[in-house]
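What follows is a set of structures for review.
In the two complexes that follow, chain A is the common piece, with chain B as its partner first and chain C second.
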Partner chain A sequence: MTGQSSYVLTSMDRIMNWARANSLWPLAFGTSCCAIEMMMSSMASRHDLSRFGAEVVRPTPRQADLLILAGTIVKRMAKPLRVLYEQMPEPRYVIATGACTISGGPFTYNSYTTVRGADEIIPVDVFVPGCPPRPEALIYGIMTLQKMIKTGEAYGQPYQRRRPITAALPPGMTQAQLQKEIAEFLEAHATIDVDKAAHNNRWEKERY
Partner chain B sequence: MTDAELFAKLQEVDARVVQLPNCRPLAVEVPVGFLLAFMGKLKSRPDLRFIQLLDHLAMDWPEKNEFELVYQLYSIEHDLLLAVHTRISRESPYALTMSRLWPIAQYQEREVFDLFGILYEGHPDLRRLFLEDDWVGFPLRKDYKDYFMLEMPE
Partner chain C sequence: MSLEIRTLSEIMNPPQTADSPLSTQEYFVNMGPQHPATHGVLRLVLKMDGETIREVIPVLGYIHRSIEKMAEYLHGRQIVHLTDRMDYLSALANNWAVSRAVETAMGVQTNPRIETIRTLICELQRVQSHQLWWGVLGLDLGALTSFFYGFRDREEITDILEETTGARLTMNYIQPGGLMFDLHPNFVPRVKAFIKYFRPKLDEYETLLSENVILQERLRNVGVLSAEDAIGYGATGPVLRASGIPLDLRKQQPYGVYDQVEFSVPVGTVGDCWDRYWIRIEEMRQSLGIIEQLIDNIPDGKFMEMKPAAKLKLPAGSFYLQIETARGSLGVFLQGTGEDIPHRCHFRSPNFNNLWSVTKTAVGGKIADLVAIVSTLDLVIPDVDR
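Moving on to the complex of A and B:
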């Protein structure tokens, strides 16, 4: 491959990745309590996921490219989960939320059903810790995934995966800083006027 | 009807009932031998009429060597809630089925059989409900172990 065509391909890749990162369609896969929190962040108006281009929650895997695992995965659910994952078109991304999908969580020991970690079944891109994670944490996880996609980490070679990233708050970071980062992200990436849309909310009061 | 009045009525039904302390709604304990007759009267007496079996569950007490069975009853007519407890031995976990009084008990007893291995005499179709048919053992017993389970390190 000559230098120029590979240059075109990489720029094409970058544009594709940018487009993919901003139009994630999640598959609704909620198996227990974490799903309530996922609904909170994806549908409720306070933490509206559509601000990040990831709001069209699909009930069928054929139309989705992001699998948000929300909840405990038991042995019986493992097979359907694998099938759902295989049915999703490439490129597909997986976010695992909650202690249960990371390690089994509260059910790691002395449980006869719970699968200890979703990455025993399917490859996971981002882990969001918490029991359950707050909606902000899930949004942070989605932003982490978007960063990964934009830098070509999640989508590079289709069958090669990095180790999953844990989208925890870095030590020393506070909720307020995260909210500020979200606000900055919104300003940099979204087309809506944040100050008007989020009229009279806390971010605004802190900044001014 | 207050709890005390309800308990007085239950004592009219059967004098051997014992009230369990600190329970709301009222919980009573009956020896397992009299349970079926007691429940039959609870359902048919016009001033009680517990025509709904809300839930049936079991508890495992290995140190007492006992299973405790709990029946949650509700009376639609009189708006009463009641929990009836009984104890059976862990070595021979036999109990009489309640499915002739409340047909829903068939499913509830199948679930308890599935997870605790309580054997209900007279049950028309005692099979596992949730787990696979070839599952070995009863997972909610405290001494249950299998190859998949991870033991808590000391």
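Moving on to the complex of A and C:
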């Protein structure tokens, strides 16, 4: 490939990613408590998600490109959730909100139905902790995803998104030191291969 | 009495019968588990004849989190934290139900301050819950504006509750023996300001949605639930009261300080969606009245009657207590064996019984009517499945 055409492709990537990041259409999917906070942030007037271009909530997965997992995923819901994810057109992004979708949350121990972490079923881009997370936290999660989209994904490597460095500066540490340390540490882990994550079949092995 | 048990596959694949001269066919429509009008992951299998519903089969379990089983491994004080996640729109009432059950089992007496604050804060959350229901009802029926109005006013209560309890939704505020924290100093003035703010807004709600002809056409004489059927299905709360039965545990079995305040229980006549709508609007007015009576008369005292570190040992025996949440009566059954964890814990949730009335009321109507019926039942699916 000549230098000229690779320059064109890179510019195209940047334009496409900018457009994608600023027009995320979430799917109206909420299983429990987090859905209320999602409604609070996405449509209610105080935390107006349309400032970030992510307020057009679609009831069908075929028109949506952002899946906000709001609430616990139980084993019976695992298969419908996977079907929903497969129905969404590519490129598709997933934000998992709440402790339940991260690790099982309050339902980690002694529960015979909860899936311990939604990333056992579908690949997750951003986790937003909280029980349930405040609307501000969800907005921050969406902004993080926008950063990932803008800096990641290229036509040469589809499904590859780069995690943004979002850590705050610890006391007694200069910016240069931290940057060097984090850059070295994250360089190996900074990329999620969504395609690879999508083909893990851990959840199929569990019998239920 | 014979009981016919049919599995879902048997219903959906009936045995073939002889051909009729004019062949018509009933077909099935799957509504849910991901559907915006079912308020969560409720799945309704609809047997349709043309556009008319012949049978509604609710299919549950898509958010069954085994809370009852988990409660068998937890102390009385720890069960409270799970109940927030059941009916998250009236989390405080759920906390109160478990706390009352544990207190009654152990014979703990609380002081008037605790009971007054509990009553006050639960009524505040009843208003909040009905506001959300009002907004979502409009959204389901195609009126987006009511959603913005309801959620705008809901944020005001959320702020007040957050200041005192420290959380917006899952509050864990009421615990056996008292409360987690004392009231925030800002609580009383802010609640007063809210009542002053919200009373005109409630009239605005009426002007915006109740007086709308389209809404009345969608709700009147739709999903009529007779009094016999309501009792037969075990419906409680606004659904039962819309059918003309004035059962309100706040009146019949007063708890907290409900026997010291004056309020009326709105009762419907027809039992249709419009009655259920109107009763919830009226309940918001009554709740505001209760708050107004109590807000100036909070007695002094401690906010916790037990030592926080004390182990709660449930005595041997069975205990059952009911409480009126925003959706109906929530019952808590605890079986103690003298240890600190219960042998069995069961929740009789109002939503489960209210849901099954849809198998009667929606039959013969259209799918659009079903959306209105499900919306006026005000279901919270994690409370159905637990």
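We take it that the second predicted complex is superposed on the first by the 153 of 208 C-alpha atoms of A that agree within 3 Å, B and C clash if a C-alpha of one lies under 4 Å from a C-alpha of the other, contacts with A are read in each partner's own complex, and residues count from 1 in each chain.
Here is the rule we use: contacts are C-beta pairs under 8 Å (C-beta built on N, C-alpha and C of every residue); 3 or more make two chains touch, one makes a residue touch a chain.
In this text the structure is predicted, and so the values were computed from the model without any measurement.
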Fit-or-clash call for chain B and chain C when the two complexes are aligned on chain A: clash
Which of chain B and chain C A:L178 touches, first, second, both or neither: neither
Partner chain(s) touched by A:V56 [first = chain B, second = chain C, both, neither]: neither
More chain A residues in contact [chain B versus chain C]: C
Touching partner for A:G30 - first (chain B), second (chain C), both, neither: second
First, second, both or neither for A:M16, with chain B first and chain C second: neither
Touching partner for A:T108 - first (chain B), second (chain C), both, neither: first
Touching partner for A:C131 - first (chain B), second (chain C), both, neither: second
Overlapping segment of chain B (options 5-13, 41-49 or 59-67) - the one that collides with chain C in the superposed model: 59-67
Chain B and chain C footprints on chain A, overlapping residues: 109-113
Complex contact set, residues of chain B against chain A: 139, 144, 146, 148-152
Chain A contact footprint on chain C (complex, rising order): 33-36, 40-41, 61-66, 69-70, 72-73, 81-82, 84-85, 88-89, 132, 147-148, 151-152, 154-155, 168-170, 381-382
In the complex with chain C, residue positions of chain A that touch it: 27-33, 35-37, 39-40, 43-46, 59, 61, 71-72, 74, 76-77, 80, 84, 106-107, 109-114, 131-132, 134
In the complex with chain B, residue positions of chain A that touch it: 75, 104, 108-113, 116
